[in-house]
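In what follows, a structure is listed as structure tokens, so that the remarks can point back to it.
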Amino acid sequence: APKAEEPETAPPAVEEPVVEEPVVEEKKLLVCQITDTGGIDDKSFNQTAWKGIEDAIKGLGIEGKYLESQEVADYEKNLNAFIEEDCDLIITVGFLIADATAAAAGDYPDNKFSIVDFAYDPAINNVVGQLFQTDEAGFLAGYAAAAVTKTGKVGTFGGLPIPTVTIFMKGFVEGVDYYNSVKGTDVVVLGYDLEDETKGLFSMDFDDQQKGRELAISLMDEGADVIMPVAGPVGLGAAAAIQERGNAYLIGVDSDWYLTAPEYAAITLTSVMKMMDATTYQVIESVIDGSFAGGNVIGTLENGGVKIAPFHDLDNLVPADIKAELEQIQADIISGKIKLK
Amino acid sequence: MKRELKKLEEAGQVLLQEINEPEGEPTGHKRSFWNVISIPALAILTGLIIGAILIVATSSSVYEAFSHSFGEGLAAIGKEVFTAYKALFTGSIGDPVRIINAISSGDDRLIRAAVNPFLESLVQATPYIFAGLAVALGFRAGLFNIGVEGQLFIGAACATFVGYAIKGLPFIIHMPLAFLAGALGGALWGFIPGLLKALTGGHEVINTIMMNYIAFRLTEWLLSGPMTRPGSGGMPISPIIEESAQIPQFFKNPIRIHLGFFIALGVAWLIWWLLFKTKWGLNLRIVGANPRAAKYAGLSVGKSYMLGMAISGALAGLAGGVQILAVNRSMALGLSSGYGFDSIALALIGNNHPLGVILTSILFGTLRNGATRMMVVSSIPIDIVDVMQAIILMFVAAPAIIRTLYRLRKPKQEEETAFVSGWGGGQS
Amino acid sequence: MEFVLELKGITKQFPGVLANDHINLTLKKGEILALLGENGAGKSTLMNILYGLYQPDEGEIFINGKKAVINSPTDAIQAGIGMVHQHFMLIPVFTVAENIMLGQESVKFGDFLDRAEASKKILEISEQFNLPVNPNDMVRDIPVGIQQKVEIIKLLYREAEILIFDEPTAVLTPQEADELFAIMRSLAKQGKSIIFITHKLREVLEVADRIMVIRLGTVVGETIPAEADKNSLAAMMVGREVNLVVEKEVKVPGDVVVSIQDLVVVDKFKNIVVDHVSLEVRSGEIVGVAGVQGNGQTELVEAITGLRKNSGGLITLLGEDITHATPRQITELGSAHVPEDRQADGLVLPFPTAENLVLCTYYKEPFSKGVVLQYQTILEHAQHLIHDFDIRTPTALTPVSNLSGGNQQKVIIARELSRPIQFLMASQPTRGLDVGSIEYIHKRIVQKRDEGCAVLLVSPELDEVMELSDRIAVMYRGKILAIVDSNMVTKEQVGLMMAGEIPEEGFTAREERLVEKTF
Amino acid sequence: MTNTSLAIKHKRIYEISPGRKIFMGIAELLIALIILVGFVLNTEANTLTTFVMTPGGIEIGAMPDWVIPALPTLIVLTIIPTLIGVYQLIRGFGRATNAMVGVSALCLIFGFVTWQASGKSVNLAGMLTSAVSLAVPITLGAFSGVLSERAGVVNIAIEGMMLMGAMVGSLIGSLTHNAWIGLAGSILSGLLLSSIHAVLSIKYKINQVISGTVINIFSAGMTAFISQKYLQPNQALNTPPLFARLPIPGLASIPLLGPMFFNTNVFVYLMFILLIVIQVALFSTRWGLRLRSVGEHPRAADTLGIDVIKTRYVAVLLSGIVAGLGGAFFTLGSVGRFNEGMTAGKGFIGLAAMIFGNWRPLGAMGAGLIFGFADAIGSKLLLLGSAIPPQIMAMAPYLITMIVLAGFIGKGDVPAADGEPYEKE
């Protein structure tokens, strides 16, 4: 848990590139991450991908660095900086950095890249695209939420109406709908419209946590008692509101919030996990063992690239039969028996 | 040696005379080279020193070293600052050893990589120049344009739209058209607060800030709706602009220096000419310095505010437009790292004069470019540059502090620049 | 004899100016001492030192024979010194009571204002010294004459024994001035000592017990009214003979140049400030508008020059309707405007003198060709005017902010009078200037009139209006009470009208055109 | 003296320009038309709109729901602005013009909500409670502005001071595990930044807007720097305790008002306490009289022995304290965590609220509530599935600020010496 981490472990102190030193140490593998403009602490993909690198630092003995992009024009510049730094693998994060990554990959065919949250079509042979079928996990969370709600209403809101956000919400709604169709209930989802993905509740911002708080309150006022905020740190504002009111539950996103936001452990029902840390770790491993090949990795329930977190402290809240059903649904999604839109 | 120094000083004097006393409004007092340069130079120095203090104070290795022994601590301080600032300088200007090695190796790619830091600083300076000119012109016209950021976004959106939506035009028409679209978009966004100031006296500081937020939301909507890239599924990113609309870069990767930088220099000259050589410029400056006298002299204060804000907005729009056309080639969220706000500091340090803006922009571009390298080498957050900029601005705005710090004598004549104050706006 | 106040060797150096040079001054109990001197002689500086606003470089202050250290107004107030400043130090949006008690408030329960208590004290003082005021009026709503009484009560409220009046009569009607003198005498009789600063020689002779003249920071003479006259005082002040009378031939006015009919102007609070005013100015004639400041003159001038929107009526200039014209259109028809507030309206202070000299014409040939300014021509033009109008400036490129007040005014006069004009709107053209400068500017205005220009002169200085004008219009509360031939009225009559009363006995009428009653 | 009354009584014309009169009339009719075409014609007869009058999760002060027939309500809401508009066009409301436009706008908003929620329910009380909470930082920012500007110092650094206050509050609160100490830290940081503003603008007399800009840039950079360097690698430094809800016995059980105002956290109470304290201090005490005199006519104050410089310092420092308090709200009163740029322009909107509120505490709070309401209703409409894209809806508070400023500036009593450095000669 981050709480236990030491402040200095994040970016490992890096010495001046060893030029004069005659003793040639065994060079560690250098993995470099370029964030998008959200920054390394976005409680979302930048942070989760970096966690993959941190895990690899501990587990695989590599070296890791990151550069924050402050604007779009920095992507290319930062890529150049890391290429010059002789990084063995450059991880870029987000859809917006895809153009620059592809260009760099073209210019430097010998370098290895991986991009989080994007897949090239056609695939590029020195870039691993990591894409996540988050709606599959969202589906499970929606089903669980529908099973847990007492008011018959659950809610969600997003940061911006963009695909990587709305895919969570979409899966969530589909899961609730599935529950309704199976159980004949009438659980309502507030905050997202399956018909029109731009309609719905959005904070329009990944910074304004107070807004997240007010959105959660608004959802609770309308009766929602399970809420899934898909808005990076803004979601923590929602968590604070839920915690304060005490009669609703939170569904985390990206990582297992029970672990990453332990102060809200008591209200965290589950989390829709997008295992960017795991996939990033795998890509690093593939570089080490030489099996690195370009192409795309799609994270699904099947390969464990997405999943829902355990219920942890709230385990008693979810009846055993629901847990069993969730297992079954997971299998059905993997087998293709349940098809998502 | 001494002679040469003297010569250098003379050259500097001419330059600075230009900055401080454009031919249009000489003050009649000649100020010495040192007099003019001392405040900004010492302000920058002080900014660097305070930056170093911040670096040291937040460095864990320094504390660790001190826990071993005092001497080791001092050494750690030295090492920390040296490493950081060496990275800052080699990352922004270049490493001479490396350049020589590269040239002697004759490897094309190595040479490009070695000379890139300096050229990259110019690339970074380009949006600063436009944005800085926008703020400077605003100040000269008595307007505090905090809305550069929003104008930049709208300008970028317009340039992008013209860049990708119109197809089949030759470069010679398409690129200038997209460029002008950027100016026009920014001009419109600047014009609105100008109009409000002229009509209702609403202070442009508040209105431009509000227009910033509106611009952000509007571009978010445009990019994820009407202007979204087909196949992106509503991701807030625009299609890539046509080749014919792109401002050319001169060299191959990684060098990004582009024609836009030289256009910026040209525009700066144009603004200088407009402000100090034409009756329109005098008109703007009179209104800026004393709106009541302007009214008395038969000038339309309101029109001047509208025009001033529109031109200022157009320059801001160009900052965004050029960035799109020359560097980004498509528009996405996260277009700007805050050029609109940094440019306020920049314009003031540059004494609201186009030449000063150019010099300060290059300084800021250099700082930012170097900061990337500093982050790679020392893991110092890039935001330290913001802190340094604020400190430099503070000292430039309050020269008395610098004088006290460095025990300088007060020059006989304080320069006066008319600025906006209070909320009264242009009425009364 | 014990002096209530004694200044010894007061010296104050400003950068480049020795404002006070070893000045000695004494004041007896119950005495009224007049301080005379041209602009920049150092009078205000001396008083500011006495009041603790400046610290002297040298010299000592004794109060009641004891050495006093006055470092701040608080010290001065403590020492029993009070000052009525030339520009009133009143806060318009505060009530009379708040203004008076500010700094020495009556409070209850710790820090809460006790307005009732303060009003009671104020009314007591008001009664004792015959200074009627209403403590609850907002200061911005009361006339200047009352505002001055508020200023005086402020001093008495603080139990000041030494009262300083810095040019207190500039904004008063002669009647109000006389009233003030009566108050001053009664104050002196009740044991207060008074220092009285003015540029008006008549007043000095009328009210002072003793006169001290300062020039270039030093005392150049001392006298008593019985032994002095206007000419001797003026000579002492300026150091040369001054012609105090405006020489002006009788001229028959020509055609109507400016005609104003039923003009109505409304301020931003929707108050009617110019109330159906009608007025004509003919070529070769100076029409003076007399009136206490704040009776609509400023707005009238702004309306005529296009600076303010008119709410009704008709103004024509040379036959053209300019009711809704812009300032530039009006200027281009051949009119000039010397504005009331030279620094705020007439000049761009940080700009060089040369640019200020073409402030209204820079956009035209020969100063601009196309859009490009012709700096060479502008400079030559400036050099020319600097010479012709004797503007004292180091170079044509010196910012006007560095010029003295008199020379700043000359820049405006030069700019406005050097153009071919048929109408001159002169608003307070000599405000705050000394006799030397006044003499010069008066001469220039009369010269324009003699050349056939129509001149509308607005001034709160009754003397100026009386001396320059051919006809006088008296403005009161936005209306023109009467338009009279300047030869037909006495100063007292105009003064009465400035206070809103038409003299019952009528005017000492000659035969022809006498009084055009306008309402 | 001949006149018996000492005050000048001016004749006045209360007249709205004909253009404005017609413009407003047309605007009101347009509103009626929007309600008619947009809502009335799209509402089915016999649907009910339910307004829940108790915020979720609250037991004390509960109140029955308010159920209204949608269509008749909307018809009434069409008729009101129609009548107003017609009267405005024919006779005009004179001084009441603005108020009538306001009434029409309210009809529009209420109509919109009624229409959107027809056949559903909407928690009106929750929305209003949310509006109050959203108003808190704006109002505190406005109070901060009132304090310094009444003394003649423009403070556009409120945004920066709030941002820094938010960060420091979170940091100190986390370190000490005590929200009160965190709050003290916020206040201290506001105090420090405002002392820089004070020194720069009062002592060194640099342009106050520039001095404020310096602080804004500095705060943005410094908070980002510290956040990246410390808060983010070590979450323990960024988990301050939150101030809990603190119902006031008795008052909290008043229906509607209780949940809105008397069953919230300490910041809402602080807002009200500050409202009263600042109002009384400014307008009824010696201290306030002196402070205002310095903002109106510093030279006059100086000649009466009032220490202009000191008074201004005190005002600016107090302004910083209140801004720091406003910053603390974000981390200690709302979300319990700091992240970069989290004040999101609230300080600037606070300045607009101050201007709109005529430099008076009560007005400032009223304006703050209006902005809070605009924000809250925007979210509510999104939740109800509004046709307006969320990005456009999010512009509402900014647009309202601009419209309000355009309509009201210049009519207020801005302190006469606001923004002007005081030079002792």
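Which chain is which? They are A, B, C and D, in the order written, and residues in each are numbered from 1.
Basically, a contact is a pair of C-beta atoms (placed from the backbone, for glycine too) under 8 Å apart; a residue touches a chain by one contact, two chains touch by 3 or more.
In UniProt terms the chains read D = Putative ABC transporter permease protein.
For clarity, every value in this text was computed on a predicted model and none was experimentally measured.
Engineer: Tell me which of A-B and B-D has more C-beta pairs in contact.
Structural biologist: B-D
Engineer: Between chain A and chain D, what is the separation of their C-alpha centroids in Å?
Structural biologist: Taking the average C-alpha coordinate of chain A and of chain D, the gap between them is 36 Å.
Engineer: How many Å are there between the centre of chain B and the centre of chain D, using C-alpha atoms for each centre?
Structural biologist: So the centre of chain B lies 33 Å away from the centre of chain D.
Engineer: Just give me the whole-number Å value for how far the CA centre of chain C lies from that of chain D.
Structural biologist: 45
Engineer: Show the residues in chain A shared as contacts by 2 or more other chains, in ascending order.
Structural biologist: Residues 7-8, 68, 161, 198, 204 of chain A touch two or more partner chains.
Engineer: Could you list which residues of chain B touch at least two other chains?
Structural biologist: 217, 220, 224-225, 338, 381, in rising order.
Engineer: Of all the residues in chain D, which ones touch at least 2 other chains?
Structural biologist: Answer for chain D, listing residues that touch two or more other chains: 228, 230, 389, 391, 394, 410.
Engineer: Give the pairs of chains that touch; include all such pairs.
Structural biologist: Here the touching pairs of chains are A-B, A-D, B-C, B-D, C-D.
Engineer: Along chain A, where are the residues that touch chain D in the complex?
Structural biologist: Of all residues in chain A, those touching chain D are 2-3, 5-10, 39-41, 68, 161, 190-191, 193, 198-202, 204-205, 207-215, 217-223, 233, 236-237, 240, 244-248, 263.
Engineer: Show me the residue ranges of chain B that touch chain C in the complex, using the header's touch definition.
Structural biologist: Touching chain C: residues 23-28, 277-280, 282-283, 285-286, 289-290, 292-300, 412, 416-418 of chain B.
Engineer: Per the contact definition, I'd like the list of chain A residues that touch chain B in the complex.
Structural biologist: 7-8, 11, 13-14, 16-17, 36-37, 65, 67-74, 76-78, 80-85, 95-96, 99, 107, 160-164, 166, 197-198, 204
Engineer: For the complex, give me every residue of chain D touching chain C.
Structural biologist: Touch residues, chain D against chain C: 1-3, 6-8, 10-15, 284-287, 289-290, 292-293, 296-297, 299-306, 410, 413, 416, 424-425.
Engineer: Give the list of chain C residues in touch with chain B in this complex.
Structural biologist: 15, 305, 307, 326-331, 337, 339, 344-352, 355, 359-360, 362-363, 368, 371-373, 375, 394-395, 397-399, 401-402
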